[in-house]
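Here the chain labels run A, B and C in written order, and each chain numbers its own residues starting at 1.
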Amino acid sequence: MSAVAALWSTSIGKKAVMAVTGIALVGFVILHMAGNLKIYLGPEHFDAYARGLRALGEPILVHGQALWSMRLILLAAVVLHVVAAVQLTQASWAARPVAYTEKEAVAADYAARTMRWGGVIVLLFIVYHLLHFTVGVVGYAPGQFQEASVYRNVVNGFRVWYVSAFYVVAQAALGLHLYHGVWSMFQTLGMNARGNGFYRGLAVVAAVLVVVGNVSIPLAVLGGLVN
Amino acid sequence: MNLILKVWRQKGAGSPGRFVSYQATNVSPDMSFLEMLDVVNEGLIARGEAPIAFEHDCREGICGSCGFVINGVPHGPRRGTTVCQLHLRTFEDGDVLTLEPWRARAFPVLKDLVVDRAALDRIIQAGGFISAPTGSAPDANALLIPKDDAERAFDAAACIGCGACVAACPNASAMLFTAAKVSHLGLLPQGQPERWDRARDMVRAMDRELFGSCTNMRECEAACPKEISIAFIARLNRDLVKASFQPRRAAAAAGV
Amino acid sequence: MSTETAVRPREGALDARIPSGPIERMWERHRFEMKLVNPANRRKYTILVVGTGLAGGAGAASLGELGYDVKCFSYHDSPRRAHSIAAQGGINAAKNYRNDGDSVHRLFYDTVKGGDFRAREANVYRLAELSVNIIDQCVAQGVPFAREYGGLLDTRSFGGAQVSRTFYARGQTGQQLLLGAYHALERQIAAGTVRMFPRTEMLDLVVVDGRARGIVTRNLLTGAIEAHAGDAVVLATGGYANVFYLSTNAKASNATAIWRAHKRGALFANPCYTQIHPTCIPVSGEHQSKLTLMSESLRNDGRVWVPRRAGDTRPPGQIPEAERDYYLERKYPTFGNLAPRDIASRAAKEVCDQGRGVGPGGRGVYLDFADEIRRQGEDKIRERYGNLFDMYERITGENAYRVPMRIYPAAHYVMGGLWVDYDLMSTIPGLFVGGEANFSDHGANRLGASALMQGLADGYFILPNTLGDYLARVTPGGDDTRAAAFDAARRQVQDGIKRLLSINGSRSVDSFHRDLGRVMWELCGMARNDAGLRKALVEIPALREDFWKNVRVLESGEELNQSLEKAGRVADFLELGELLALDALQRTESCGAHFREESQTDDGEARRDDERFAYAAAWEHTGNLSQPRLHREPLVFEHVHLATRSYK
């Protein structure tokens, strides 16, 4: 059995896979957030950034190749992350067929306890988000979505208050997921040399950065700061 | 003081169970929790009712026999304390306490508050030892072990095998138990030759026993009467990942 | 009184089969002279090991390693729960790592002297000799002993020893040693050489043609009564201190296995040698179910005192120095607070009898750390005893850094047990006994940190050798349990259970146990006298009779029934208690832990009578519990000269 297959066949190995794919996803989320902030520089910059993403790697790569490669890697990461999570969750649920009548959480915080359903919310959000800003089939009046005018799309999209509200809620879920997930990543990969506080700190920084950065955009749109 | 107990009663492994309420009247705050149950049981016997079965032995927090969930917390509210060393002064007069057995598929209820924890022994059988046949040892001081390593190994070795970590874990995972044993032996030089096989084999055994998987909730650490740290779980994770990239030893894992 | 007939010895002394030659070479020579079992034949021999503590666990694992077919039994859910796990202090070994003058001979000498010259020299010498191998073995298994910064093993001096020979693992030495043996045992279970029977209690021994050939057990979950055949039986089932009801033993610790073997013909030696440990947490009320030991090491830094005046109820802080009596320091200036267990225990009883005891009920003395906290700082004390102070706080709710601890003696360990010869074989061929269950090595008093040493010496090193010698002389008998003796034993066990369940009286098992404990503690406890013992000999049989009329055991025998388990054990304690009192009555001398008030010096110290009592008293069951037959094994001291112990 190869090492990776051996890993995947154990519960800890699946967790390690979740942690490694988690690193990729956290990295993406942070870069994505940083890119999003370009919206404050105005439509030219923002649309140029969007075009730039497609042109990434040229002329060695053909147009869109880097972006699609990244998309495929991310997709693979999401699939592995979710499949591992589903399998581990099934095993864990099966491990306690009779629930406690009364069970108190002594140490687990809200983020830890809501990890699974938070993950489901984040997953649903990703689907919506792709259909919304990438494909443009939800959240717009017919014809309103223009693939090349990314800045416009964002402003038009967030002007619908309940769409913005959903984004804010989803970001909160993402923040909690990151807060527990980033810390867990280190624990799961056994990187605990620097003491618990350090990794908790990293988790807080990652979660706060992503949530604040991303939430600021719908709020800025609704507040008229970005239009 | 007086307490009201809602106790899980279950006649046998296959039978259905239910909560039954009992009064513990005029009990002393200086009693241990189990002594209070002794008093309740004496009352039940006097009335011709079956006494509550619960496991216990040393009653000084080291044998690991005792343990049940009190108001949703394994071993009750006091940290670092087994239920046998929990005293009633921890509670208020008139408290209503729910007593429930450890709940996990790997720990089937045998009767009332007694569960079967043989799964933990089977995890040890898979590799929780150093192969040192009797009589084969070199002089004890031939091997120098830094004090800090010995102390950390001890921190892990303090596990009493009570199963509270499994009971507390929202996933009914046995990671803290397994991690403690793997770390105890893996932190010592004597444990190095079998280190990778031990990690691999014990984790496989743990998975076979149908425990859940760790989601880093830290409930185990909070419930552990010996306050064993989840840092050992991180260590096990690391060892397991490394072990997956190590060749297996030629000899059987548990052989003579 | 029937004791006159009871103490009359049968002709012919017991033969301990001590090898000849100089004591230093005895074990080595004996091993050479022993017959060996061909490795290929070992698996044809079945050995039944009962108990999984240090002696049983280590023994079963080692025998399994050798290739025998081992079946191992425990009433616990896991072998790891045996009561060896609770030993705190440490384990002695004559390593002389400290260069402080220790040697095998000195450990031997100290143990014989500490046992007040009532142990067999040859056995003790072997124990001291093997002590060094035990530490090696345990380190190899990964026992995390305390270490120095340089990486070498740390030791401390313990229980009045003048050399530093006690190896320890925080205050949980027993736990770590037992885990070592448990790991070794689980390894053999995985390898298939040992078959483990957890939650299985031995209820009878099967003797066929004069040899121990099997046991009868009850499955504690299903109630199934089963017979197991073997070529030899090892009992490593611990001690019977729970005959006092309140003791530091685990609640389930019992004498049933050795007692039923005794009733099948094994002689029971020195039942009156029961050790009372001086540093336990006092009884807090009627509900008390067990007593908790505080490690003796506390006496290294704590000072023991009571008020000078009887009935002084002021809080300790308000009693000025001049009105305190540091009675151990006063009476034993050389050893002071480190006086041996029996002496410290009796001294505590004496001051409490004078009305100077402290705490609720007046059965307690102070163990005060104030001076050392002042001298060394609270941190130093916390570092050394932190876990003990925490434990004290959990149990009493008091902070011992601020107020002195209260301690009182409690039954802790028994030196008595089944009589065994040099090979640890009882008077029934094929029945071997190890650890606390035998009587062999501690004489009338056990030194601190010697119980773990003995259990492991028996289990790892002695039994695996001596069993081989025995087995080499018999043909393997297979697992046939059809012999009539098996059926008879099985039926007897079933009848006993049926009888217990059918009485349906008015009193719980625990209430009888409590009553027995009270009689034993008051009349056969720390100090004994003729009148008290005779009274006990009336009260115990009366209580036993009442038990068999009035005990109430609910539920059935075909399920997990903890009352039924207890009932069987208490029934045996009710019989053993009588033998204990009879033994104490016949031994009119004081020695070690056995203190007869009639035999003391003018200043109240124990007075031994070597002329009349330099023997081990081995009792034979005659069918009449009140009239056992006494056999004597004379004790000869050729290497340690008989002397009066003095700790002044």
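Going forward, contacts are C-beta pairs under 8 Å (C-beta built on N, C-alpha and C of every residue); 3 or more make two chains touch, one makes a residue touch a chain.
As the structure is a computational prediction, the values presented were derived from the model and not from experiment.
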Worksheet, complete the sentence: Ranked by contact pairs, first place goes to B-C
Worksheet item: What chain lies closest to the overall centre, CA atoms only?
Response: B
Worksheet entry | Separation of mean Cα positions, chain C and chain B [Å, integer] | 27
Discussion item. Centroid of chain A to centroid of chain C, CA atoms only: how many Å?
Written reply: 63
Worksheet, complete the sentence: Whole-angstrom distance, CA centroid of chain A to CA centroid of chain B, is 37
Discussion item. Can you tell me which positions in chain B touch chain A when the two form their complex?
Written reply: 19, 69, 71-73, 98, 100, 103-106, 168, 170-173, 200, 203-204, 206-207, 210-219, 221-223, 230-231, 233-241, 244-245
Discussion item. For a test of understanding, state which residues of chain B touch chain C in their complex under the given definition.
Written reply: 11-13, 27-28, 30-32, 34-36, 38-39, 41-42, 45-46, 48-51, 53, 55-65, 78, 80-81, 85-87, 89, 110-111, 114, 116-118, 120-121, 124-126, 128-141, 143-147, 150-151, 153-154, 157-158, 160-161, 184-185, 188, 190-191, 253-256
Worksheet entry | Residues of chain C that touch chain B when the two form their complex | 58, 61-62, 65, 67, 76-81, 83, 85-86, 95, 97, 133, 135-142, 144-153, 169-170, 172, 175-176, 179, 182-184, 186-191, 193, 196, 198, 221, 248, 250-252, 284-285, 287-290, 292-293, 390-391, 394-397, 460-461, 464, 508, 510-511, 552, 554-555, 559-560, 562-563
Fill in: Touching residues (chain side chain A, partner chain B) in the complex
3-4, 6-7, 10-16, 88, 91-108, 112-113, 115, 180, 183-184, 186-192, 196
